[in-house]
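After this come two complexes, each holding chain A, first together with chain B and then together with chain C.
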Partner chain A sequence: MTEFEWPWQYSFPPFFTLQPNADVRKTQLDAWCSLVLGWARKNNVGQIDVTGATSMVVFRNDSISRALPADGIRVVLDELAKRGNLEWTDKTKRRGYIFWRSVREWGQQIYQWAQDTSRMNTVCTLFEINQGDETAGQEFHGLDGDILIKALRALEVAGKAELMDFGDNQGVKFL
Partner chain B sequence: MSRVTAVGDCRRKYLLVLTVPSPSFTMAVVLECPCVILCFFQTRKECLVSGFWCEMLGVGDFYYEVGVQVVELCVATSHRNGGVLSLDEVQRRLNARRRHDNQITSDDIVRAVKKLRVLGSGMEVIATGSSQFIYSIPGELSMDHTTLLQLAESKGSLTVAGTATNLGWTEERTNRAIQHLLQVGVTWRDDQSSPPSYWFPAFFYQCATAE
Partner chain C sequence: MDRWYWCDSSLTFGEIVATTAKSIRLYDGDKKTTFEDGHLTLTNQRLLWRHESQSSSLGLHLGLVALVEEEPGGFTSSPKLILHLAMPSPSQPAGPVTSSHNSHIKLCFKHGGCSSFHQVLQKALTDQEWEKLTVQASPKNHQTKRPAGKTIHTGILGIERAIQAKQEKTNQNISRAFEDLKNLMDLAKDMVAISKSISSKIKERSGEVSADDTTQFRSYLLSLGIDDPVTRETHGSAMNYHHNLAREIANALETPVKEAGGVMLLSEVYCRINRARGLQLLSPEDVINACQVMKQSNQSIHLHTFESGVQVVQSVGLDQEKVMKDTVEALQRYETTGMSAGDLARECGLPLLLAQERLLQAESCAEAVRDESSQGLRFYPNLFFTRAAQ
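Let's turn to the complex of A and B:
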């Protein structure tokens, strides 16, 4: 797997200070959002914990001794939430799911895969979908379990899948 | 063939009335800086033959073409550099799009930018000791701002105190000039250095070479 390619802003010291000029700040937040999403995608990060975020490598660059302060991280995450790329798990906004693809897009991809591999009307376990050998080449391979369920629920609402519980295991039937 | 029938210039407002053979094509465009550049493109795309620009600028097709490319580049990169581009960067980026046997020199670029002034494009070429840069910032830059840009190009980042010492200015004067550059988006503030420092994307190597 190739290394994640950091954008130029990541080595630009003032990138880690929220900019006072509104236009510049907008540019800055755009860059932050695409950095966080690109990084999450590359590293298969599905959830972000705000308290732990200050130590995440994406928010700090030790080689130039700069780190985005906690209030800056909050602003970036709020911006991601506004754009639909992040969903808080609780009201206190301490944890959030991060979507570099929307839940719907994930659902569509999984459904497409099920169609392509003749899995209609059969039951797959969730493990099979995000961990199984057969999905190794798929983008949703390694997808966070909670996000996977959200994606399948979206399919369920659209009448394309049915989630089922087998006690400690969950499965899905594609329709 | 299109023809300019009126070009009014009331400070930063430019009125161009373009007349072409078909009456339905007569249009008036009021251009106001800084949108002058964008409007300029719309009109070019929609209805104009290059002859019009040649006539207006008094240049041949070559400088017209280079000038338009410089403006395009300024517009495309201004969100990250605030409208300041080093001449080297402009030359490198433009040549990257051109054929090997059709490369341009920095002199061509300077000439093209100077010709564009007729349009009130708001672009200027500033020469420093060692190199040159182009700025396309709305509003005039004073001597102080230009001096700061020149210093920033050689140093990469500035602090108020350091700059004041360096230029023999008072801190108040230095601060005022820096705050202006901050306001127009040419410089970014870094609070994690002590004292705070000001950085210029245009002179930051990784930015100037980023795709």
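Let's turn to the complex of A and C:
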């Protein structure tokens, strides 16, 4: 796995201060969103906890001794939520799922994989999909369990899959 | 001890008892005498000591007392008063002791009351009532008479007297000085009252200012040395006054403002115009009002208020774009470290407040971005835009 390549903004001190100028702030937030998503993708981060976010390496750069303050983190996460890349787990907005691909995109990828590996009309466990050896090369390998279910539910709504509950284990049948 | 003399216990003319004390023993110098357990009476002229069983008293004229000291009591001794005495007059009647080489006596207060007696005695000594009585003395009380016209210049008494006289004079001087001040304050009070009534009348426009009031007011002002008070009558309406003032300020400060880079803080304007005017100073309010009307009266400089509320006077021809360009250039020189308002102030020779305003202005134009950290507020060139475009 190659080292995550930090964007240039990451070592630009003003990046860690929310800019009051509206135009500048928009650009800044764009950069933040792509940084957070890129970092989450690289490190396979599925959930972000707001209280713990201040200590996350993505929100702080100790080499220039700058860190995005808590309200700044909130603004970035809200922006991500607005763009559909983040979904709060509850109304208190303390935790959120982070989607560096949208749920629909994940569903399509998984469906594509199922088609390619001719698993149509067969049942796979969720474990097989995000942890199994057969998906090792896929992007959704190691995907957060909750996000996986969300993706599969999206497929179910589209009539391409059917979720099954085996008590302690869950499975999916691709149609 | 030789200052005591025999006398009867009755008071002489004009003599008033100030206080008494019981169980007093007399000392000659530091030595005890047989005069003990006596009744001591202090009058405004004498000290009288009488043993209860005797009818005649020992008298001591207060004029002889030069200094009184208090000697606190201990376990075995009672509190005492030490009286330092001057030489007796030769005409003094005979006493129990004809001569003594001690020039002080002690009064031993066996049953206390020493301090309070001391206070009353001190007061009697300061009042010096026997002096007044000597002037109008009747032949009857020749006993208390002192050689007239003779002031003592030597000895402890002389020094005491001199100091006392000096103190009295100082006291008089001080009270006279305060009297003057009081007069002035009374006058000022009147003036304030009149000016208040005049201003309230002007405000309400209910009653005309009477000619009487005006002349009185004027006379007060004249007495203070203001012979031509600046009033609405002499300068027309306030608006007119401010317009004239605006012209004056603009004329005086046009060049300095240009030299300062086209912008000058209002505080500096205030200082400079007052320095130029010398004695006829302007109030800050007048300066602000005058600056506010500069735009209307088309002066070469006018007032500009930044978003933060900082007010400056700037040249009409000030090229905002050039200012911005200069700021951005300065910012670029500090691209790696960021620039604080202080840095810009040094770089461009501006007041700190103005440098801060320039940076904020650059920020609002998306030319600068801020970095708030524990090291304070710094500004960087807006790389978000410039680098993204590359």
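By our rule, the second predicted complex is superposed on the first by the 175 of 175 C-alpha atoms of A that agree within 3 Å, B and C clash if a C-alpha of one lies under 4 Å from a C-alpha of the other, contacts with A are read in each partner's own complex, and residues count from 1 in each chain.
Keep in mind that, in the parts below, a residue touches a chain if its C-beta (ideal position, glycine included) is under 8 Å from a C-beta of that chain, and two chains touch if they have at least 3 such contacts.
Predicted, not measured: the structure shown is a model, and the values here were computed from it.
Superimposing the complexes on chain A yields a three-chain arrangement in which chain B and chain C clash. In the superposed pair of complexes, A:66 makes contact with chain B and with chain C alike.
Once the two complexes are overlaid on the shared chain, A:50 sits clear of chain B and of chain C alike. Once the two complexes are overlaid on the shared chain, A:175 sits clear of chain B and of chain C alike.
After overlaying the two complexes on the shared chain, residue contacts for A:11 are found with chain B alone; chain C is out of touch. Residue contacts after overlaying the shared chain place A:20 against chain B and chain C alike.
Overlay on chain A, chain B versus chain C, candidates 56-64, 110-118 or 146-154: the clashing stretch is 146-154. Residues 8-9, 12-14, 16-17, 19-21, 23-24, 27-28, 65-66 of chain A lie in contact with chain B in one complex and with chain C in the other. Interface residues of chain C facing chain A in the complex, by the touch rule stated above, are 338, 363-364, 366, 369-373, 378-380, 382-385, 387-388.
Note for the complex: chain B touches chain A at residues 79-80, 82, 157, 182-183, 185, 188-193, 197-199, 201, 204, 206-207, 209-210. The residues of chain A lying in touch with chain C in their complex are 8-9, 12-14, 16-17, 19-21, 23-24, 27-28, 31, 65-66. Across the complex, chain A meets chain B through its residues 7-9, 11-17, 19-21, 23-24, 27-28, 65-67.
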